[in-house]
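Before anything else, here is the set of structures, which you'll find just below.
Below are two complexes that have chain A in common, paired first with chain B and then with chain C.
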Partner chain A sequence: MKQVAIVALAARHALHQRGEVLFRGVFYIAILLIFARLWQALGAGGSYVWYIALTEWIVLSMPLLSVDIEEDVRRGDVAYAIARPVSYLHVKIAEGLGNGLVRLLILGGLGGLAAWLLTGTPPPRGLLLSLPLGTLAFSILVLSQAAIGLSAFWIGDTAPLFWIWQKLLFVLGGLMFPIDVYPQWLQRAAYATPFAPLLHGWARLMFDPDPALAARTAALLLFWGAALAVFVAWLYRRALAIMDVNGG
Partner chain B sequence: MSPAIEISNLRKVFRVRERPKGLRGTLRYLVNPPTRDVAAVDGVSFTIEPGERVAFVGPNGAGKSTTIKMLAGILHPTAGTARVLGLVPWGDRKRLAYRIGAVFGQRTQLWYHLPAKDTFALLARVYDQDEATHRHRLGELVDAFGVGKLLETPVRQLSLGERMRCEIVASLLHAPQVLFLDEPTIGLDVTAKAVIRDLVRDTSRRDGNTVLLTSHDTGDMERVCDRVLVIHNGRLLLDKPIADLRGTYIRRKVVTLLTAEERIAIALPGVTVVEEASHRTVLEVDVEQTPIEAVVEAALKASRLRDLTVEDPPMEEIVQAIYASA
Partner chain C sequence: MRHLRALLLTNLKASLAQRGAFWARAVFMALNNGIMLAIWLLFFLRYDSVRGWRAADTLSIYGVCATAFGLAVVLGHGVNDLARRIHEGGLDALLTQPKDVLLQCVGSKSEASGWGDLFTGIVLLGVGGHLTPAGIPICLVTAVSGAVIFLASMVLFHSVAFWLGDTTVVSRQAVHFLLLFSLYPSTIFGGWLKLLLFTALPAGFIGYLPVDLLHRFSWGTLLAVAGAAVAYAGIAVAVFRFGLRRYQSGSRFA
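After this line comes the complex of A and B, so read on.
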């Protein structure tokens, strides 16, 4: 499959961008150290450290696909890229996944080692259930970034939209703290959005490794992932139509 | 044999937003922006036979890129018809993509941190080329373009000329029957330009592929193409063999002489001094009256020549001459 070949090459390409991964790795370890001390001071268990190790792992592994697409739109490269026998959108998503895959592996190794040294062995069942769901959530986040990037056809600069989306993900997704510690009204709001299953939904399996909960989260992720895929495909078609009216 | 490219009354109108002046205008722009239709391509017709190498020239904004984008199936025309290799480009874009290649001088398809051979291998997958065909075709192109030693080098370490050779190999890997080249020599030094031009021309002669080249460099069209199409304001101004263009419009060359003597005098018909400084003389030569060889011979007799350059008049000047005669 063409897209798989692009994922593989993008992963190899990402291996050469060591500086950026290293920078993200240092930031990741710093966050883990701070939160490990915080939870320790509050008398919470090691599962909380594993929770943030997992949510930060996914967030820090995300490639800046929206910026990449926005630059293509601005330079007029999309027009030239669509003259190939493979969809531009598929190429960009495959590149994002390949790029992210390397970061997932490197940061996963770093974060796992750090969390293990700070708190000891993770709950094995929780880890087993959360890792595949985390990878699925990661793919959906890449898809979200593709949608933000394509919005450049209408709004030009996607940075404000990305900023809002990222902050919503951090707060309503429960990046730093599990949603269960939020006030009731904010919990209700967070659970009503697609952000909750993207981070908290699967990372909370570290506290509560319940297969039924994992199945519910998987169903939610698949639902939001499918809805987003339909939306991105529609957005791409609209973007091509706009390009046709306004030129490359 | 059916034409490689055939277009008739092709027209493309873009809708451009216009921001009115003043606060009221800005508010109106935010709610319901006023637009204006601009015809980027306005009733262009031409036919290109298989194996022809055609230069498609014109000033910025003339409609060259828009026409090529329609021929590659990227844009739909507002009116008119087009067939490339018998296919309607915007209707059969995917099928056509397997049969055309494109090089856009300021854009790259090579992966920056990886050796070019990795991009070539990926392109083989993208164009559904089997391993044996890919190896055979790559071998041919590597020999023709002399990129054997570059295959293992990361693209970021290649010079611009080496990178452009690899870009063209990438665009030819799937053996396209039509090749679109948009400013393929932009930014290259004189030697690299000459290499690229010779390679494109020789590959087209050998493989029989059709080339449609856009460039601001008259050297590109003179060295590569047999025919020229001149477009301006979306309309086709001229369709002629290059030889005729050279005879009619590129009859003037600019010769710069650097000499040991402070001043030299060359009296030949059609040769005028346009600039004179210490040890430097710039001549304008009408090649129909006096060939360049005769000017060089006279310069060697009249002086101890240190350096010499021969330049074509800028593209804009030639196009201006074409407008004047149209």
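After this line comes the complex of A and C, so read on.
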């Protein structure tokens, strides 16, 4: 399949961008260091550091697909790209996945080592359950980025939309603090959104490796992922219709 | 000074030319800041304090940093492209003009989202009870000194390009680091990390000392904050000028 070849090509390309991955890694370690100090100051256990190591792992591995698509739309490059025998949207998503998977591997190793050193405790038992679901959540984040990028056809500048989506993910997904730390009303609100399974849902499995909980999280991720895929496909069709009318 | 004012006004007009984009960036940045702050306030609902650092301190540090950063990017967002311009020989056009190269480059762009930061900062300083007749001059000093230190640090991070080539990603990442460390409770840092935050990543002079100044005024702290701004600005200008000697033209006019 062409898309698989594009994923492999993007992954090879990402392997050559050592500087970028290195700085993402340093940023990742700095965040872990800050939070290790914060939880230490509160006398809390190392599990909170392992939690943020997991949530930040996929957030920092995320490629800025929305910026790429916005640039293509702004420069008019998208008009040439759609003439190719493979869907522009599929190419962009495959590139995002290829880039991201390399970062997931490198940052995963780096973050795991840093969290281990900072907490002095090995990764909790549930890690093996968390990782595959985290990778699934990561793919959904890539799809979300594609949706934000496609919005450039209507709004031009996607940065404000990205900021809000990102911060909602941080709060309702429980990036910095597990959702259980929130007041009850906010916990209920967060669990009703797609953001909670995207970060907190699978990350908590590390400490609570309950197969039933894992199955429920996987089902939620698949449901929201499918809904988002349908939405992105619809958005792309609408964007192409706009191009047909207005030109590239 | 007249030239600088004209440069800033032109950039502000350019930024305002696309009204929709301007307002979207400014309003959404303010919302963005509000959500980040909300995360911390939720945290402090659960935990009363972090080694004496309370929710009020977080309000103040967000107020101080947002005002300083907003001011910096509204007035000097051109610095964000400095490393790329150095690497690609993009300073040629500025070198042919009789005005200061660094000043022209820094003041060549204004970022609309900075108005959202400024708005957030002023609101938070107001909510924190700092916008009193006695507090306003201190807020002004912390905002201006913070903006100067932000800009000076950005110039330093980007000037590395004179020696290392295209460092745009790295330089921008370093600015994110500075912002990241400026917003966390200062009480969790100690030892070598604290030393780092008062030297290479001067988050201490942008956030921690100004918050201290707002809560417990002392002339010594005021002098330290203002002195740091002057010192970092001086170092940034000196490093940039030293690097400029190594600058190679992009042959834009060849």
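One rule holds for everything that comes next: the second predicted complex is superposed on the first by the 242 of 248 C-alpha atoms of A that agree within 3 Å, B and C clash if a C-alpha of one lies under 4 Å from a C-alpha of the other, contacts with A are read in each partner's own complex, and residues count from 1 in each chain.
Just so we're on the same page, a contact is a pair of C-beta atoms (placed from the backbone, for glycine too) under 8 Å apart; a residue touches a chain by one contact, two chains touch by 3 or more.
Bear in mind the structure is a predicted one, so any value in this text is a computation, not a measurement.
Look at chain A after the overlay: chain B and chain C fit there side by side.
Set against each other, chain B and chain C touch different numbers of residues in chain A, with C touching more.
Across the overlaid pair of complexes, the angle with its corner at the CA centre of chain A and arms to chain B and chain C is 80°, in steps of 10. Once the two complexes are laid over each other on the shared chain, residue contacts for A:Y182 go to chain C alone; chain B is not touched. Of the two partner chains placed by the overlay, only chain B lies in contact with A:A5; chain C stays clear of it.
Contacts of A:A212 after superposition: neither chain B nor chain C is touched. Once the two complexes are laid over each other on the shared chain, residue contacts for A:H13 go to chain B alone; chain C is not touched. Looking at the shared chain after the overlay, A:I31 reaches chain C, while chain B stays out of its contact range.
Superposed on chain A, the gap between chain B and chain C at their nearest CA atoms measures out to 9 angstrom in whole units.
Residues 2, 5-6, 9, 12-13, 16-17, 75, 77, 79-80, 82-86, 243-248 of chain A are the ones touching chain B in the complex. Per the touch definition, chain C reaches chain A in the complex via residues 21, 24-25, 27-29, 31-32, 35-36, 38-39, 42-43, 45-47, 50-51, 113, 169-170, 173, 176-177, 180-181, 184-185, 187-189, 193.
Those residues of chain B that touch chain A in the complex are listed here as 14-16, 40, 65-66, 69, 72-76, 93-94, 97-98, 100, 102, 104, 107, 111-114, 118-119, 122, 125-128, 154.
Taken together, the chain A residues at the contact with chain C in this complex read 19-20, 23, 26-27, 30-31, 33-34, 37-38, 40-42, 155-157, 159-161, 163-164, 167-168, 170-171, 176-177, 181-183, 186.
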